[in-house]
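Both of the next two complexes hold chain A, though its partner changes from chain B to chain C.
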Partner chain A sequence: MKVDMRLQGKRLVYRFEDWLAAVRRIDRTQIVIIIGLTLLSAFMLLPLVYLFNHAFKPLHELLLFPPTFIVNEPTMQNFTDLMALTQTTFIPVSRYIFNSVIVTVLATAGMVFTGSLCAYPLSKHKFPGGNWFFGAIMVSLLFATEVISIPRYVVVQSLGIMNTYLGHVLPMIALPVGVFLLKQFMDQVPNELLEAAKIDGASEVKIFLRIVLPLVTPAMATITIIAFQTAWGNAETSTLFMQDDAMKTLPFYMGTLTSNLANSVARQGAAAAGALIMFLPSLIIFLIYQRKFIATMAHSGIK
Partner chain B sequence: MAKILFNHVYKRYGKYKEVAVNDFNLQVEDGEFLVFVGPSGCGKSTTLRMLAGLEDISGGEIYIGDTVVNDFSPKDRDISMVFQNYALYPNLSVYENIAFGLRLRKLPKHEIDLSVKRAARVLEIENFLERKPRELSGGQRQRVALGRAIVRKPQAFLYDEPLSNLDARLRVQMRSEIISLHKKMGVTSIYVTHDQVEAMTMGDRVVVMNKGVILQVDTPERLYNRPNNIFVANFIGNPPMNFIPGKLQEGSGGLEFHTNRFALLLTKQHAGQLRKQNLIDKTVILGIRPEHISFEENEIGGNPQSLISGVLEFGEFVGSDRYYHLKIGMESLLIARAHPKYHFNDGMKVTAAIDMEKALFYHKETENLLTD
Partner chain C sequence: MRNDMSSNVQVNTRVRAERAVIAGSVKRSPSVKLKELLADIWKHRLSYLFIAPFFAAFTIFIVIPIAAGVMLSFTYFNAIEFPTWVGWLNFQNLFSQDIIFLQHVLPNSFKFALFVGPLGYVCAFMLAWLIAQLPSALRMWYALAMYAPSLTGGIAIAVVWQVAFTGDRTGYINSFLLKLGLIEKPILFLADKDYLMNIMILVSIWGSMGIGFLALLAGILNVDKQLYEAGKIDGISSRLQEIWYITVPSMKPQMLFAAVISIVSTLKSGGVGTAMAGNPTPDYAGQLMVSHIDDYGFIRFELGYASAISIVLLVIMLLLNKLLHALFTPKEDEV
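Moving on, here comes the complex of A and B:
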């Protein structure tokens, strides 16, 4: 398509004028609020800045007291350390990363898939006991993971899926928050749309895939983020169900890097590098979906 | 295209099995444009939704053509429906919205394209085919919804209050467009509305419903001139019909209708019919439309036994007419339609003549029509 440069230019001018008009309308309280919020968000950003800088600090800067925020002599040493560290052991760190990626992809897909399949009938099909069922799902939100880890262990053990990827994925696959969010979103989809689709000749599957799912994409994006976070940061399944070291994931390995050692001073550099590796995918996923994520939060009234 | 038949159809709702539609019997002729009208909650939408297959039928049978469709799913009934809130798929373009049903039926691509474009041309939405529904105005959205309905060439069109979300001017315009569309396609149509003006102007026949029961099925003319009962008389027409309770008594010139304030002489025909039903000295309700009350001098001079005098409460000027609300010593005011040339001041004493030929008499308890 040909782009009309003059029109584009004009639009830019209009946008600037709109912005100026908005700026002119700002009153004193708003200025205070804007400055306050800006400072607050800068403060919120500090851990991220620290995380990024920390990963590139050489050893002498890492253990500096008082600690510095900004790295003086950036180095890749920590990352090489992290890679080298595991060459002396059985399992290279790349294996943990690989496991993590596999588990995260499978678990995220599984959580989103089952979550949406579960939410649709709860929202759009009235059946006896439906509310009770939804209530039960909500109650399951209240249990701390520690409470259910023993029954979980029994289940995983008797299913015979210890030391398999399924052993990672299956315990995570039910995501009550996801069901809740998706149900709230699907409730907003007008019934007339589904009825129109039915009259148009659509089957339940077609209605679900072509009408309902596209309309709840913001919620789907949000759940993708939540599911990703849960799966990517999850060390529990590695701790409990994986005796084979080759099946454990990165978060578990990160934990062993520092906390298993008595004084927690050694391998600080490798740990900092690992922390950044752990954090980056979350950031990327969030940046991709952030617009929709924020839309969901505005919609659902959940902070 | 097909006949539609409702045979003793019932709908019961909820825990207590409240009856929403009660013994609904109706035959819709092939190619007819039938309107269901009634106040909200009267069961008109429920009936339509049962026909569409969106609600279960609690009792009776519904036929489309010669087939009982009670247990058919909506997609197998070969009908299409237009909803009040348009129900366009927001994630699909206008083109895809119209094509949705055809794609599900796995029609060849070129055929879909041809049908969609033809429907778009008829409805003058060719320029919006690539847009999303949210980029359209209310009227345009309703056209798309119509396009989605006509493109499938169904046995019947069902309209569920399709114009209620439009502004007044657009509603009038779309009303005539739907009618001309119906004339062109000749498909059996059932149209649900709570707006009596829509019902009167659009329907070949109109079904007036209240509390799940059919009160009258008739042409708009018959419905207006000879409403079967007080509810229909009150519901159809704006401003509504006047109702005056009074006693029937034999007078010197014939049967008279007496209130505490005035007496009106009945026509011979009415008198005969009422006498036959043994209603002498009983209370009945007289119904008279505002336009059958006149301020014309020759009529007021004509028959002194058809006059009502009252005090003018207020007048409403609506352009071609003027409506006067008169206090005649009854609970409710008497509304009379007059030519705008008559200009009375509020509080004036006026005399109006009632056209007793046009008067209707209703039973006090059953509220049914007593005269022809």
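Moving on, here comes the complex of A and C:
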């Protein structure tokens, strides 16, 4: 255990030295770029910084002039306000959060499952209609579902899944971007490997589970992130397909909170608290998978 | 793609044709062809099984709605009565009677799309290129800083910026301008038609460095370093030339992917105006195609008319898609 710790420490030192060496190699153009990018990053991150601080500000600090960026006396008041606000509509915010979690978990699992199943034959099997179907997926990359929201409403209504969790999950399941990214990544898996497995008597299902999936984990991680973000931030299914308030999700509730926010400072604290609840899970999941994300994007090209 | 398939089929048919010659009959009847196709399909039944779940969801929630949207656009439909056929009337009204559409929505959409689309795309490329010039130890942090705002997507983005543009002096922007003495009294940014559009563009570009941006970054990093050295020998002297003659041509597939994503996200971020200022936006200053569809579809419940607007938007997107593919598909001599 102790040796392990020391090894870890040494490794850290090495990594730091590597880093220092890299920093020392920086030339003059790079310094200019670094300064420019740092300023720009500050601008990009500023709104997120004050969102974070806003969420913890007590009311008298929200009304302060001039407004401060950094919170002085952090408080959980806004979060408790957020809870209290909803109780007047008889539905506690915990219900929205609960719905959001259920829908996000189911929808993410569904998107990843159907997407990876679909991408495998598209990439590795030559079957009638396959290329045609992939072409259709490519075209549909362009379609924001907002544009077809009305017929989708009609479809969901006629399926009789309004006001159910299925009504949230099923319309989200088809994620063309996911299939596309996975297919591009699976194209990199050498065919010889699959042939060899086939000769050894492995079934298609086994090849898919034991060989293809482990080799495309970066792409799986990436579409998990994309799927999570799609589902977690989705207000559309709540707005369109749920009339029962108890079935709506957090993004929808946030939408009702934010109307005319710019002219009512008092509610900004609660809204910022809610926005933070929306933002943090996405950020954390991205931080965990970031390296795999970039690795996948190298194969994202449309050829 | 289709060429690929047909060439494959051709090979198969040739093999079969040869067999047929040996068997003595040269021409095959359509029924034989059909039988062979069915046999081929049966042989790949497992492939179809793999695809089935996605295919079902894709058909029900994307293909059928698009088809239904096309049908609905030729009807009068108020969500209660059965749709009645009106022919091209919706489209005629859209382009001749709908003053809001012609005076506000169309020019707004054009302006918004032009700035957020191409301009945002060029920004993303330049940023990705600059970040790629840094040592890898630093690269990740800057990429994260640019990417993080896009994580706020949807509703959170509205909260973040509504707080900044708060209409009285406690808003960050107002207080900053007051302190500099540039304005004398706070501006109601989001209720003012002169500001709303520009704010929407700024906010959308801020939040647009998403997967498209990361794809561009990965694409730039993936370019073979030897190409740059070869380029130097061939007389490329400036970084700009390097970008134009080496970087861009060797990452066209990623450029195309990012462009497609950029169109979709431009379209999606169109909702930012209504999220910040309500629907309809003050004086229709921030009204875009998507908000116009929502206005007619879910506030006035003229679903047939709203579908017609959707179809117009779909056609525009398809045309853009064609244009992008023409622009970015690598030509034969470049591969």
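Here is the rule we use: the second predicted complex is superposed on the first by the 262 of 303 C-alpha atoms of A that agree within 3 Å, B and C clash if a C-alpha of one lies under 4 Å from a C-alpha of the other, contacts with A are read in each partner's own complex, and residues count from 1 in each chain.
Note that a contact is a pair of C-beta atoms (placed from the backbone, for glycine too) under 8 Å apart; a residue touches a chain by one contact, two chains touch by 3 or more.
This is a predicted model, so every value here is computed, not measured.
Touch criterion met: A:192 reaches chain B, while chain C stays clear of it.
When both complexes are overlaid on chain A, the residue A:231 reaches neither chain B nor chain C.
Touch criterion met: A:152 reaches chain C, while chain B stays clear of it. Once the two complexes are laid over each other on the shared chain, residue contacts for A:200 go to chain B alone; chain C is not touched. In the overlay built on the shared chain, the residue A:219 is in contact with neither chain B nor chain C. In the superposed pair of complexes, A:211 makes contact with chain B only, with no contact to chain C.
A count of residues in chain A touched by chain B and by chain C gives the higher number to C. Touching chain A in their complex are the following residues of chain C: 1-2, 4-5, 8, 37, 40-41, 44, 46-48, 50-51, 53-55, 57-58, 60-69, 72, 127, 130-131, 133-138, 140, 142-149, 151-156, 158-172, 175, 178-179, 188-191, 206, 209, 211, 214-215, 217-219, 221-222, 251-257, 260-261, 263-264, 267-268, 271, 275-278, 290, 293-294, 297-298, 303, 306-307, 310, 313-314, 317-318, 320-321, 325, 328, 330.
The touching residues of chain A, counted against chain C in their complex, run 18-19, 22-23, 25-26, 29-30, 33-34, 36-37, 40-41, 44-45, 47-48, 50-51, 54, 62-67, 69, 113-115, 117-118, 120-122, 125-128, 130-137, 139-152, 154-155, 159, 170-171, 173-174, 176-177, 179, 204, 208, 226, 229, 233-235, 239-240, 251, 254-255, 257-263, 265, 268, 271-272, 274-275, 278-279, 282-283, 286-287, 290-291, 293-298, 300-303.
Across the complex, chain A is touched by residues 52-54, 73-75, 79-81, 83-85, 87-91, 100-101, 104-105, 148, 152 of chain B. Against chain B, the residues of chain A that register as touching in their complex are 190, 192-193, 195-202, 206, 210-211, 214-215.
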